[in-house]
Structures are given as C-alpha cells and as structure tokens.
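Each of the next two complexes has chain A plus one more chain, namely chain B in the first and chain C in the second.
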Partner chain A sequence: MTWKLIGVEFVVSVWTIVTLGADILNLPRRNRLWLLALAGLSLAAIVLALQPPESLGESFQDMFVVDGFGRYFKGLFLVIAAVVIVMTREFEDRLSAPLGAFYMLLFTALLGMLIVASVNDLLLLFVGLELITFSLYIMTAYLKTDPRSVEAGMKYLIIGSIASGFLIYGVALLYGFSGSTHFPSLHKAIVSGVIPLSAQAGFFFVLAGLGFKIAAVPFHLWVPDVYEGAPTPVVAFLSVGSKMAGIIALVRILYGVFLPLHGLWMDTLAILSAATMLYGNLAAIVQTNIKRLLGYSSIGHAGYLLMALSSGSSLGVSAVGYYLLAYLVSNLTVFLVIVAASKTIGGDHLEAYNGLSKRSPALAGALFLGLLSLAGVPPLAGFSGKLLILLAGAQAGQLWLVTIGALNVALSLYYYLMIVKRMYLGTPINPSVIRVHPVTHTTLILLVLGIFVLGIFQNPFLQQIQSAIENQQWTRPQFPNAEPP
Partner chain B sequence: MSSPLLAIILLSPLVGALIISALPPQNLLGIRRIAVSSSALCLVCALGVILSYDTVKAGYQQQIYLPWIPSLGIGFHLGVDGISSVLVLLHGLCAFSGVLISYAITQQVKEYFIFYLTLIAGVFGVFLSIDVFFFYFFYEMAVIPMYPLIGIWGSDVKEEGVVRFSKEYATMKLTIYLTLGAVIALIGLLWLYVSSGSHTFDLIQMQQHLDNHPLAVSVQRSIFLLLLIGFGFIAPMWPFHSWSPIGHAAAPSAVSMLHAGVLMKLGSYAIIRLAIGLLPEGAKFWLPWVAGLCVMNILYGGLVAMAQKDLKLVIGYSSSSHMGYVLLGTACLTSLALDGAVLLMFAHGLMTALAFAMIGHIYDQTHTRYLPDLGGLAHQVPFIATCGVIAAMASSGLPGFANFVAETLVFVGAWDSHPVAVACGVVGLVITAVYMLRLVRGTFFGPALRSFASVRDASSPFSRLSYALLIGVLLFIGCWPRPILKIIDVSAQSIVARALRQHQPEPEPETIPVEWVKVPNP
Partner chain C sequence: MPDIHLSPFISCLSWTLLLAPLIAASAIWLFGIHRRRLAANLALTGMVTSFGCALWVFDQALRQHSHAFAWESSVEWLSVPGFTVSFGVLLDPLSLLMTLIVTGVGSLIFLYSTAYMKADAAFSRYFGVLSLFAFSMLTIVLSPNWIQLFIGWELVGFCSYLLIGHWYAKPSAAEAGKKAFMVNRVADCGFLLGILALWGISGSAASERTLHFHSLQARLPDLIASGAIPSSLLTLVGLLLFCGPIGKSAQFPLHVWLPDAMEGPTPVSALIHAATMVAAGVYLLCRSFWLFAMSPVTLSTIAWVGGLSAILSALLAVVEQDLKRILAYSTLSQLGYMVMAVGLGSPIAGMYHLSTHAFFKALLFLAAGSVIHGTHQQDIRKLGALRRSMPWTSGSFAIGSLALCGIPGLSGFFSKDAILVLAHERNAILYWLAVSTAGLTAFYIGRAWFVAFTGTSHGTHAHESPPIMTGPLSILAVLSIVGGYLGIPHFLGHPNETIHWQVVFTSISAAGIGLALSWLIYGRHWLSAQKLVLALAVPYSFLQRRYGIDEFYNAYVTHIQQRFIAGFCAWFERACIIRIGVNGIAWTTYYASWLIRLWQTGKVQTYALTFLIGVLGLIFHLIRQ
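Right, the complex of A and B next:
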C-alpha cells in the first residue's frame, strides 16, 4: 500500500543513485548522460500516470498525502525537470565538474519538490524544502572557476539558511501551541480554541521562511545575484521549480490549516503582494543582464501569485494552479533560448541580444513569444493566468490590489519589450548565424505550442485544476467567498 | 439563423497568417497573394454581413456561440448589431486597401504580413465579440502587433534632416500607452463583472442582468470613469492623445491607415458599447465632461496640425482633432448625434486611410515628408494629387462626401445639449480646411521641382484599386447615406433609449431633423 503511494518518489530516488553510478563507471559517455536522466523521468511519469485513483491516501503516519492537487503539481515538476535536462545537455560543455553528480543533484532537488507536493506535516515540509535548497546550493556554485557562481552559491546558502531558521523556529512555536506538527491536528487546534500570540508568531515565521523560497519582498535579496551567477539551467530550475514548491507549501498551509484565520493573513499577503509586484517590475527596468532582469521579473511574478493566494477563494487556488502552469511554459521557453543562444552570442548581457532576429529567427521568435507571455499578452499563456488572478482578486473585493496588479502589466511590458526591441531593431555585433540543436529546437516548439494552447483553450486545464482541488476537504466548507452553484 | 460569415471574417486573416508563416520567406508572390486573398475574403464577408442586416429585427444578428470557460461565464460569442456591422465594413475596406498598399514593403515581407494579418484579426475580433472577455482579449491582441510593425518597418520623423523622434520611441510610447489604457479598462470590466453579480461575461446577459438589478449610482460612476479613461487612451481623448500623432507618423503607411482609420475607433466603439451600453447612470454623469474634453480635442488637435511640417504629423493631429467630433456625437445621448458619430467613424476612417496611403506613396517616391522640401508634385503624380485633393475636401467636410453628412448629423444632434461645443466644432472645420489646403498646396501645387523629376505616379492597377475603393465608398455614402444610416440608427436608438431609461420616464421631445437625413423608424 505504502509503496504504491510513493512510487514516483521511489523511482526518482533510485535514479539519484543510477546517475551517480553512471558517472563513476563512465557509462554511458558524458554526452549521453542526459538520455539516462530523461529515461528516469519518463519512468517516473509512467508511474505517476499509472497511479490508480483508488490508491490515493495517506501514509507514514499521515505525514505524506497523495491527492489530486499533489499529483497535478508532481506532473508539472517532472515536466520542469525534463526541460532542465534538455537545457543541461546544451550547457554541459560549460560545466567543468562531474556531470553525473549534477544530474544526481537535479534528481535530489526533484525528489524534494515531489515530497513538498505531498506534505501533510510541518516536519516533512521542512525536510522536503531542505532537500530542494541543499541541492540547489551546490548546483548554483557548480561553475567552480567562475567567481560569480561561487559568490551566488555562498549568498544563496547564507540567506537560505536564515530562511530555514525562520521556518523551523515557526514550526517549533506551532508545535508548542498544538502539540503536533501534523496538518489536520494543527487545523483542529486552531478551530477549537483561542490562538495565542506565540502561535500567531510561529505562523508568520513559517510564512517568512516560505517567502524566501518564492522570492517575495522583503525576502528577495538573494535573487538578483543568484540568478546572475548560477549556471542558466539551475536558474531555470530555481525560478520555476523551487518557486512552485514554495507556492504549493503556502497553499497547503494557508488553505489546509490556517483558513479559519483568513482574516489574519489576507491583508498581510495582499500588502506583500503589492510590494513584491512593484519592486520586482520597477527594479527590472534598469537591468542590463538578462538573467538578472529575469530574476527581478520572477519577483514580480511571485507578487501575482501572492495576490491570488490572498484572495482566500477556490478561484484563487485555481488561478494559482493555472498561473504556475503558464509561468512554467513561458519562463522555461525564455531560459531555454538563453541557454541555446548564450554560447554563440557570448554572455548574458542585453547588448549580446542585439539583432538576434537576424542571427536566428527561430530563437528570437521563441524569446519574443515567451517574453510577451510573461508580460501577459493575449493570446498567450500568461494572459489567461493573469486574468484569472486579477479576477480572483476582484472577487475577494481587493480592488486596490487588482489596480496595482493591472498597472504592473503595463510596467512589465516595458522591460520585456526593451529586449524585443534589441532583438528586432538592433544591429548584431557579429552577424554569424546561430545553430540550434534539433533536441533544443523540438523542445522549444513544444513549449511555444504550450504557450498558445494555454492562452487560447483555458477550459480543459482549468477544469483539471478545479477537479484537483475539489476533492480537498479544505476547500468548500470554510471558504468565505465560495463560488455560486 | 446562424451563418458562418462572422467566423470566416475572424478566422480568415489568422489562417492567412498561419499559411504565410509556413511559406519560405523568398516566396514573395505567394505571401502577397495569400494576404490579399484573405483580406479580400474578409471584405466580401463584411459586405455580406451589412447587406443581410435585418433592420426590422434589429439587435445582435448572425450570432455564433461556443461555451468557452463555463465556470466563469465566459463564452465565445460573436454577433453584430447596426453599429458594429458598419465598423466591420470599415475595417474590411481599410484592411483590404492596406494590404494592397503594403506591396511597397520589400524587407522581411513574410514577418510583416504575419503581424499585419494578426492585427487585422484582432481588430475584427473586437468589433465582432459580444463577450466582454473576448472583447478584451482581441483588444490587447490588436495592440501588440503594432510594436514590431512600427518598430521594424516604420520610419523616423525628421525635420530638416534632424531626427525629431525615432520610430523606436514612437512605437514604445504607443504600445505602453495603449496597454496602460487597456489595463485601466480591464480594472473597470473586472469590477463590473464582480459587482454586477451576474457571473457572466456575455454582453447580452450582462445587459439584461443590469437592467433588472441596476448597480448603485456611485459604483456606476466609478466604473464608467475607469472605462472612459481606459478606452479614452485609444480613442484618443484629450489629454491622453499624445501617443497617437507620433505613432501615426512613425508607422509604415499601411499601418497608419489601419491605425488612424480603424484602431482609434475601437476606443469610441468600446465607450459606446460597454460604458454607455452598460452603465446609464455613469453615462449621464460623465458624458458632459466628455463633451468638454472633445472641444479640446477638436481645437487643440486642429491648431497643432496647422503648425506641423511633416505630412504624416499633419494627418496624425488632424485625426485626433476629428475624433473629437466622434466623441462629441457620442456624448450627447441623442440617437441623431450617435448616428452621426458612428457614420463619422466610418467616413473619417476611409478619409484618413486615403490620406495616409497618398502620403505613403509620396514618401516612398521622394523619401521625404517634410513640407518645405516638397512642391509641384502634381506634375509628376497627377493621380495621387487628385486623391490628395479629394482627401482634403472630404476632410474639411465638403458636401458630397460622407464626412459632411456625418458632421452635420453630429452638429444638429448636439445643438440642443452642447451649443458651445458645436460652435467650437464649426470653428474646427475651418481650421481643418486651413491645414488640409496648406498641405495640398505645399505638396502638389507650384512649379515642378527638378529633384523630383524621376518620381512616378501610382500606376499599378492594384494600388489604384485601393484608392478608388476608398474614394468610391466615401462618395457613395456621401450622396446616398440613407441605407447605412438606417442600419446605424436601429442600434443607436436602442442604446440611447437604454441609457436614458430610468431617470427620465417622460420621453424627450425629439428635435425634428432636417428632412433629407430623417431616418424613418421601422
């Protein structure tokens, strides 16, 4: 019974050893390792797809729960990992250290994400998050000869450790209040009695710890340097996967446990959301390095996600699910183009992108669509996500927040268009043509297709998300702004 | 009665763009043929729509409905009423002649037509959608292609050889302004959706719901203001107009044609359709302010146009001046003035498209648009000069052109409520005559200049066809406005009646219009 529930996690943990062993035995060759990694992911995907619905349940003393919500995000995590592996294939000659170990770290981080998707206990949440960040600390500093990469890893480690400290301190306080770290017991304790100040403080400490993971203001300080210094595939993994894990944890905690205290956190999240959106998008305008710019833009996106979370409605949670999916395809498109282009154009400075459309129309076109989708332009994926979030915000009656969110669309469009301007209107320093490997090319086509499909046919995906959260015990009864029948 | 006309109009440019994106970039002939045939198909269907519009039944016709996101009340709902069918025809005409004019584009032809056809589809989508979600969807979709279209194929605006502003600046300003306007309107639309409690984005259902459960007056006023400012950006209502003249000036001629001809009308159309159509109390409160602002549009735009030396800037400012008349007609809440406003959108769209096509040809041949450098071109380009004179006459509202009929209707309809604005409007017509005649004199008349000896006239039948089409329709409507006015009037009356319903139970004594423009009520 238990084994059926953790099948996906089992495959992924086995693969950490497989990739490491392959590296030691030098079998297969270095430039074939990515195929091995992809094979592991496919196996995990098959196991996930074959998990029969009746096998859903809890295990490990209820610490681990497999439900529709978790399975939806597990699927997304596997997609992210697959694209990151394609990026790593493109990037591998720039990674000097052992490649097998890199894939191993990728799988441990993925394992952490899969665990976070299924947590039902604060301690397991801590374990999952630490698994993610510890792997990412090492991956960030993987370019050992590049001082910026090492600095990024160091910075990430220090600030990340502080965040973990916040998180575990909050967990301790909550344990002191309820005598359990288990979500349902915590929920029971909150519903049944008065909540002392220490428990409230514990709650906010946990919130702060998760704020670091999703890069929300004022816990965003690590973002720009880490995004600039880390290897690009790691940045992509960080900006999509790690953020998604943080958001899932927030949803599980805020909606699964603390929904009765909605009044306590709604305004806090709303204010954080406004600050995060404004800071991220304003600071992005002046950047000159594309990865740094995307770091600030990812802060802006965290702001939108917080807006949806602050709504406290099931529409808000659906919007989060949709937005993350849209963010996944758009952001991975952008990063894949950066990885594919950076070797030839030489660096991540924005000037290097001058005249990209003349050197590679395909890469420029994909980057154009990815950026516009991030900005939220129809008929692309980001538009649907942003619209759902704004709708959820409006339905929760937070018109001031919706106003800020809507104005940020225009703000972010400005700096995304500045990149587009360089690509299409600038003259290239070096007019040589950029070659794109067929694997990268195919992945890009699939991602761009996803951007269009998500932007035009919202209903199938939205229904999928809605049905995933419908089975949650935590949705309907407590929701203050429940949808009409 | 469901016919596929509207779906064809919307999909034809998109399919065209898809096919073009699959063609090799060297296949210029194929690319152009596909673009021409898809826009011609749109024009034919648009004609079919307006000819088959049933003025007895009125209301939205040719509806197509597909459920899209049922849980949020979003449906893919297309349909046209009298106003939108006229604007669809306008867009069909401008888009078709724009594609013909685009034969002058020689670099990156494939990408150009992909963006251009996407733009065409977006604008059609706005006019055809009767679901607020898709209305907004297509509205934004129409704005974004402008960025590359102006940025890549546009031209800097120069004065005496010095760049006054670059195309990069113009296109960024245009895109950001229009997006800003769009998101402001979006806030209003979301607020409307939530506060109406109707749980539907469908315009017809929303309207019914709001009729039965009207919103509080203060809420209506706030939402109306958001929509007015948001759509006022694109209309372009003074003081939100500053993107428009420079955007027009920097754009390639076919894009200026669509832009000044149709895109600006999206703003006034959205104000009529959504703001006035859904929020009668807001309309009563804010429309007098609009009447005041549009006087600024008319006079300020006109006076600035008089001072310009770049041909496109003259027409650009004149467009924002003329949109003032449209807004004036919209602001009166009489069906007569609204008829005039819609007809003026139509007439002005064709006239501006004609003017920009003409200027585009001159610029292609002489490589300058700077008025002091030009002169005597009538010797070399008699056909274009004729078109230019006709555009000038139409623009200054000479009888015989559709503009005259429309402006007269606006003035007569607005006289009762805003006599001062009408007086200013008449002054504005004199200003128009001044700058248009100045433009024509400076460009075409005078002795032939030796430097322009090699300049050629528009000789290919294709380009002549596009000029002839625009002029022909302007003259036809100008001489026989009745059929088109009948179609507009049916819808205008229902909008005005809805807006005036609640607080004015006794019917206002209608001013009897001059007999020959009187539209019989079926």
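Right, the complex of A and C next:
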C-alpha cells in the first residue's frame, strides 16, 4: 500500500543514483544524458498517472498524504523539471563541472518538491524544503569559475540558513504548544484551546521561513543577486519550482491547519502582498540585466500569490492553483528563450536583446508572448490568473489591495514592454542569425501553446483545480469568506 | 391586430434580401479590390438579388387579403439581464415600399455607375462601399427595433462619408466628407439621447424595457393613459428623436452638409443624397408616426421645420450656378415637403412624395451625371444647347423637371398635390409657403433647363453617353411619368381621394408662373438676368451667402469652440494630464525605483538584517493585535 503511494518519489530518488552512475560510467555520452533524465521523468509521470484514485491516503504515520491537491502540483513539478532539463541541454557546454551530478541535484530538488506537495507534518515539510534548498545552493554555485555564481551561492546559503533557522524554531514552538508536528493534531489543538503567544510567534516564524522561499518582502533581498549569478536553468527552476513549493506549503499550513486563526494572518499577508508587489515591480524598472529584472518580476508575482492566499476563500486557493500554472508556462517560456539566446547574443545584458526579432523571429515572438502573459495581457494565460486573483481579493473585500494589484499590472507592463521594444525596434549589435535546436524549438511551441490555451479556455483547468481542492485530505476547511457564486 | 405570421419561405427571402449586399460587399473587399470587373459584377449581383427578393416578397404581400400585414423574423443578438437586442427584418407595407425603392433605384444606379466610374482608379473600392451602403440602408428600413435602426443609421452615415470623400485627394471632397460626418454627428447625439430616453420610459411594472417598435406601440399609449409618463417627457423624447431626421434628411438648420456632399461621384449623389439615405429621416418619422403624433408640440415643430426648409432651400436654388448643387437644394426643398407632410399628420402623403421624388430626383441627378460625363462641366453658365448634342439626356432631364414642377399627369403632381391638400386643410400659412415653394421650384428648374440645355453652345464638345447610362435614365423617366398611377397611397392603406380642384388650380398656376418667368428671363431674355441681380442686390447677396449660416457656424467653431472650449481642453491636457498625470506618475515611479535600488547593497549583512527586521515586524504586529 505504502509503495503505491510513494511511487513517484521512489522513481525520482532512484533516478538520482541512475544519473550520477551513468555519468561516472560515461554511459551514455555526456550530450545524451538529458535523454536519460527525461526518461526518468516520463517514468515518474506514468507512475503518477497510473496512481489509482483509491490509492489516495496517508502513510508513514500520517506524515505523507496523497490527495488531489498534491497530485495536481506533482504533475506541474514534473513538467517544470522536464523543461529545466531541456534548458540544461542547451546550457550544458557552459557547465564545467560533472553534468551527471547536476542532474542528480536536479532530481534531489525535485524529490524535495514532490515531498512538499504531499506533506502532512511540519518535520517532513522541513525535510522537504531543505532537500530543495540544499540542492539549489550547490546548483547556484555550479559555475565554479564565475565569481558571480559563487557569490550568489554563498549569499543564498547564508540567507537560506537564517530562514531555515527561523522555520525550525517556529516548528519547535508549535510542537511545544501542541505536543505534535502532525497537521491534523495541530489543527485540533488550535480549534480546542487558547493559543499562547509563543505558539503564535512560532506560526509567524514559520511564515517568515516560507516567505524566504517564495521571495516575499522583506525576506527577498537574496533574489536579484542569486538570479543574476546562478546558471540560467537553475534560475528557472528556482523561480518556478522552488516558489511553487513554498506556496504549496503555505496553502497546506494556512488552509489546512491555521484556518481558524484567519484573523491572525489575513491582514498580515495582505500587507506583505502589497509591499511585495510594489517592491518587485518598482525595482524592476531600473534594471539592466534581464535575469536580475526577472528576479524582481518574480518578487512581484509572489505578491500576487500572497494576495490570493490572504483572501481566505476557496476561490483564492483556486486562483493560486491557476496562477501558478499560468506563471509556470509563461516564466519557463521566458527563461527558455534566455537560455537559447544567451549563447549567441553573449550575456544577459538587456542591450544584447536589441533587434532580437531580426536575428530570430521565433525566439523574439516566444519571449514577447511570455512577457505579455507575465504582465497579464488577455487572451494569454497570465491574464486569467491575475483576473482570478483580483476576483478573489475583491470577493474578500480587500479593495485597496486589488487596486494596488491592478496598478502593478501597469508597472510590470512598462518594464516587460521595454524588453519587447528592444527586441522589435532596436538595431542588433551583431546581426548574425540565432540557431535554435529542434528540441528547444518544440518545447517553446508547446509552452506558447499552453499560454494561449490557458488564456482562452479557463474552465476545464479551473474545474480540475477546484475538484482537486475539494478532494484534499485536510480537515475540511470552513472558509471564512463566502463561496464563489 | 396585424398578422405577424411569417412563412419560412418569406422569412428566407427577406433575409436574403437584407444580406445579399453585405455578402457582395465582403466579397468585394476580400477578393475584388484589385479586380474591377469582378467587383462590379458582385455589387450588381448583390443588388439585383436583393431587388428580386423584394419583388417576390411584394408579390406575396399582394396576395394577402388585408394590407395591414406585418411580418417579422429576428434572431436574438445580444442579451443581458433586463435588456435584449434582436436583429431581424420587419416587413409591412411601409418597409416593403421603401425596400422596393432602395433596391430598385439602387439597381439602376449600380448599373449606371459601371459606365460612369469606368475611368476611375478606385473603381472596386467604390462598389465595395456602395454595396455596404445598400446593406446599411436595408438594415434601417427593415429594422424591427430602434437599436438596429440606429446601427444602420450610423453605417449609412459612414458610407456616405466614404463616398463623398471618394476622391479624397481633392481637398474640397475631403472637407465635404468631414463636414457631412460631423454635422450628422451633432444630430445623432440628440437622436441617441432620444432613443435612450425612449428606452428609459418604456418599462412598466409588468414588463421589462424595450426598444422594439411593436412592443412600444402596444405599450406606450397605455402607460401615457395611466399617467406613468408625463406628456412633457413625451414631447422631449419626440423632439430629441426628431434631431435624427433633421441631420440625416438635412433640414434647417443642419442642412449645410448636403450641398457640399455633391463633391461625391454623381451616382452617389443620386442614390444616397437624393433618393434613399436622406429620405431615411422621413422614413423614420413615418415608421414611428404614432409616437410623434402623441405630442402636438412635436408634430407642429416637425411641420414648421419642414415647411421652412422647403421654401428657404428653394430660394437658395434660385441663385446657384452649379447644376448638381441646384439639384441638391431642390432635394432639400422636397425633403422639406415630406417632413411637413408628416408634421401635418399624414405619413402616407410623406411616403408618397418620397417615392415619386426618388424616381424623378434620381432621374435628374443621373441626367446631370450624364451631362458631366459628356462635357466635364457642371457650371450651368458654361453649358448650353445640350438639347441637340445629348438628346436622351435632355429628354430625361426634361421629364424629371416637369415631374418636379408638378405638371399634371406626371408623378410629382399627384404626390405634391396630396401634400398641398393636406396643408390646405390643416394650416393656412404652411399652405401658402408650400405653394410659393412650388412656384420657386418651377422657376429654378426652368432656369437650369433653359440655361444649360437650350440657347447657344459655349464650345463644349458634348457627346451622348453610352446606352448603359441612358438605359437606367429611360427606365427612371418612365417611372417618373407613371409613378402617380401605381397606387402607392392605396398600398400604404390610404383610401382613394377625390381631387380638390381649388388646390390643383393654385398649384398649377404657381408652377406655370414659375416656368413662364424662367422662360421669359433665361429662354427669351426679355428680362435681363444681370439687371435683375443689380436691382435685387441686397437679397441676392444674402442668398449668395446662404443666409450666412455657414459663416455663422464657422465663426462659432473658430472663435468660440476652438478658442475657448478646445483651448481649455488642450491646456488641461498638456498641463494637468500630461505634465502632472502622465509624466508625474512616470517620474514618481522612476525615483521610487531608484530609491529602492539603494536597498540592494549587495552586502549579505544588509540582507540578513532586513530579514531580522522583517521577523521582528511580524512579531510586533502580533503583539499589537
């Protein structure tokens, strides 16, 4: 029974060893390693798809839960990993250190994400999150000869350790209060009695630790430096996968455990959301490096996600699910273009993107659509995501926050369109044509297709997400705000 | 209660009738824009199909026992809670008559255009817009509700703009198009307000608001009788709605665009600015006559505006030198007759005159077009003796002129007589205004005839137009002659009327005096035109300045609107919106961005400290709660 539940995680953890071993044995050749990695992901995807619905349940003394909500995000994590592998294939000649180890780290980080998607216990949550961040520390510093990469890894490690410290301290305080780290027991303790200040502080420490993961103000300052220094596939993984893991953990904790205390966190999250949106989008305006700019943009997106979380309604959770999906396709499109283009155009400076449309119309078109979708322009994926979040905010009565969110769309549009302007109106420094590998090309087409499909047909996906939320195994939540009409 | 049953066959016919020109227009714009023959053929096919369907429906209608049929077929187009807009066709005697005129005269003018526009570079564009116009006009005519009518109303205005400015490289044509469009916009503003007000008052406790003609007609009288709608409000609605016809049918004081609209190709002037579009205002008045009739104030306003338009425009036609502009003023004057007829309480008389006018005015315009085609000249002083070089054209023009004068036996006589009888019964002042107009009409058209078609040639090498142009002329000439015997008032449900001899005698004398005077002055030169002008210098120059209305509008626009209103808006735009609003926001954002950047020191100590402050802030927030 247990084996069926952790099938996906099992495949992924086996593949950490397979990729490493294959690299050591030089079987297959270095430039075929990505195929092996993709094979592992496909296997995991098949296992995930074959998990029969009746196998849903808990295991490992209820620490690990498989429900619709978790499975939805596990699927998304596998997609992210697949696209990151395609990026790594483009990037591999710039990775000096052993490639097999890089794939191994990718799989360990993925394993951490899959665990976080199924987590039902604070300690397991901590383990999952650490698995992610530890792998990412090393991956960030993977360009050993590039001082910026090493500096980024170092900064990430230091700030990440502080965050983990707060997180585990918070877990300890909560354990002290309830005598358990198990979500249902914690929930029971919260519902039944008076909550001492120490436990509330513990809850906020956990929030701070997770705030670091999703890059919320004021736990965000590492983001621009790390995004600028780290290898681009790692940045993509960080900005989509790691952020998604943090959000899932927040949903599980806020809605699965601390919903009765919504008065405590809804306002706090709303304020954090406003600060995060404004900071990220304002600071992005003056950036000159595309990866740094996207770092600030990802802070801005974290603000939107916090707005949805602060709504305290099931619509808010659906909006989070949809927004993450839209963010995934849009952001991965953007990063894939950056990876594919950076080798030829030389560097990540914005000026390098001048006249990209003349050098590669396909890349410029994909980047254009990806950026517009990130900004939230209809009929692209990002628009539907933002619309749902703003609806959730308005339904929760936080009109001031919705106003700030809407204003931030304009701000973000400005810097996204600055890139578009460079691509289409700028004159290229070097007019040589950029060649795009067919694998990258195909992936780009699929992602752009996803951007359109998600923007035009919301309902099938939204229903999927809603049924996933309804089928989750947490204590059935009593949402403080009204159900959507 | 009218019969609203519509058989599937007639429904199918009527939709084809409406959509054929639209399909033709789309096909021309998509495939025919570089293929001249294809474009012309498509446009003609669309129009003739439409006419054929109209005839077929007409045939079906004649088999009805009663003339009070009203067939309707519509689809729901837009639906929000509390408000539904449908798009469809409404066929009753009124719309059927108008459809026959639009498609019938339209077919002839389309055919004529193929020859007239042969040398034009933008031949396909011309037919594309013309087909679109036909569809738009049918949208108005067949509309079962005010919304669809308004859409068609704006569409014909747009097509008219495109066609007046067809030769847009010529500054005067571009200006004329712009003027027509803007003057109509002013009128449509009131019209739209009227429609909205009508919608506002149409609701009742039992049913939701509507803009459907039949529902309104069934509902409003009860609402008024019960006192739910005050009569002053009804008058206001009526007057606002009348703004639409004032603009579209070019009544005083918004008539200024129609003479300038003669910059467009002559077939366009014939179809749009004489026979159909400008008549849409009159059609609208007839369509909702019951609504206007409920307010005596509205009705008398309509009558007076019509009567004054008729005589004032006729006076202007007397001093005009341009052949097409004479006809344009004549159109204004005749439209005034029709509006006056509606205002005096007889929409049937108005529609009757509209029909005959469509025949003889289209004929006059096409004949004028033939003259322009043959001589490249439209100033009557430079024309002369065309009777010999262009026999067909001259014959047609003569028949059209006689019909316009109201010479007994021709179509214009019957319809004008119906209006004069009406005026004689209802309002003495308007009656004498109308009679004077009849005299003036005979005088100015006689003047045009004697100056341009008789006398001596001025060295212009005129040649007769090809049969494809004279063919439509002949058909229209026949219609202008027999138009009075077709039983149009009977079809509209009017009982046969006995002839009112006193009115007949007066109108014939007025026309006779007008014609005789013009013959004496311009045919025989017994009285010198120059001396007359000198003797009547003051009124002549006043007429030459067109009562100073254009000057007044220009002065208003340049000295008041441009200087004060537009000046203030421009200042507000520059100082407040751009400097403070747009640039202010941009600078604020930029500096905020720059300030935030300072936070990003690159030192990990700062980052850790910020993290710590963040956590402390959270705890502080917690304790304060």
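In the analysis below, the second predicted complex is superposed on the first by the 477 of 485 C-alpha atoms of A that agree within 3 Å, B and C clash if a C-alpha of one lies under 4 Å from a C-alpha of the other, contacts with A are read in each partner's own complex, and residues count from 1 in each chain.
FYI, a residue touches a chain if its C-beta (ideal position, glycine included) is under 8 Å from a C-beta of that chain, and two chains touch if they have at least 3 such contacts.
Bear in mind that the values here come from a model prediction, so they are computed numbers and not experimental data.
A.B. asks: Clash or fit: chain B against chain C, after overlaying the two structures on chain A?
C.D. replies: clash
A.B. asks: With the two complexes superposed on chain A, say which partner A:Val409 touches: chain B (first), chain C (second), both, or neither.
C.D. replies: So A:Val409 only meets chain B here.
A.B. asks: Just to be sure I read the superposition right, which of the two partners does A:Leu197 touch: chain B = first, chain C = second, or both, or neither?
C.D. replies: Touch partner of A:Leu197: chain C, not chain B.
A.B. asks: By the touch definition at the top of the document, which applies to A:Leu221: first (chain B), second (chain C), both, or neither?
C.D. replies: second
A.B. asks: On the A-aligned overlay, A:Leu399 touches which partner chain: chain B = first, chain C = second, or both, or neither?
C.D. replies: After superposing on A, A:Leu399 lies in contact with chain B but is clear of chain C.
A.B. asks: Once chain A of both complexes is superposed, is A:Leu27 in touch with chain B (first), chain C (second), both, or neither?
C.D. replies: So A:Leu27 meets neither chain B nor chain C here.
A.B. asks: Of the partners chain B and chain C, which touch A:Leu390 in the superposed model: first, second, both, neither?
C.D. replies: First partner only, chain B.
A.B. asks: Looking at 19-27, 55-63, 163-171 or 271-279, which bit of chain B clashes with chain C?
C.D. replies: Once both complexes are placed on chain A, chain B clashes with chain C in 55-63.
A.B. asks: Would you tell me the residues on chain A in contact with chain B in one complex that are also in contact with chain C in the other?
C.D. replies: In the superposed arrangement, which is not itself an observed complex, chain A uses residues 414 for both chain B and chain C.
A.B. asks: In the complex formed with chain B, which residues of chain A make contact?
C.D. replies: 372, 377-379, 383, 387, 390-391, 394-395, 397, 399, 402-403, 406-407, 409-410, 413-414, 417, 420-421, 424-425, 458-459, 462-463, 466, 483-484
A.B. asks: Which residues of chain B touch chain A once you look at their complex with the stated criterion?
C.D. replies: Where chain B meets chain A, its residues are 68-72, 133, 136-138, 140-141, 144, 147-148, 151-152, 168, 172, 175-176, 179-180, 183-184, 186-187, 190-191, 193-194, 199.
A.B. asks: Can you check the complex and tell me which residues of chain A touch chain C?
C.D. replies: Contact set of chain A toward chain C: 154-155, 158-159, 162-163, 166, 197, 200-201, 204-205, 207-208, 211-212, 217-219, 221-222, 224-225, 264, 268, 279, 282-286, 411, 414.
A.B. asks: Spell out the part of chain C that touches chain A in their complex, as residue ranges.
C.D. replies: 589-590, 592-594, 596-597, 599-600, 602, 604, 606-608, 610-615, 617-619, 621-623, 625
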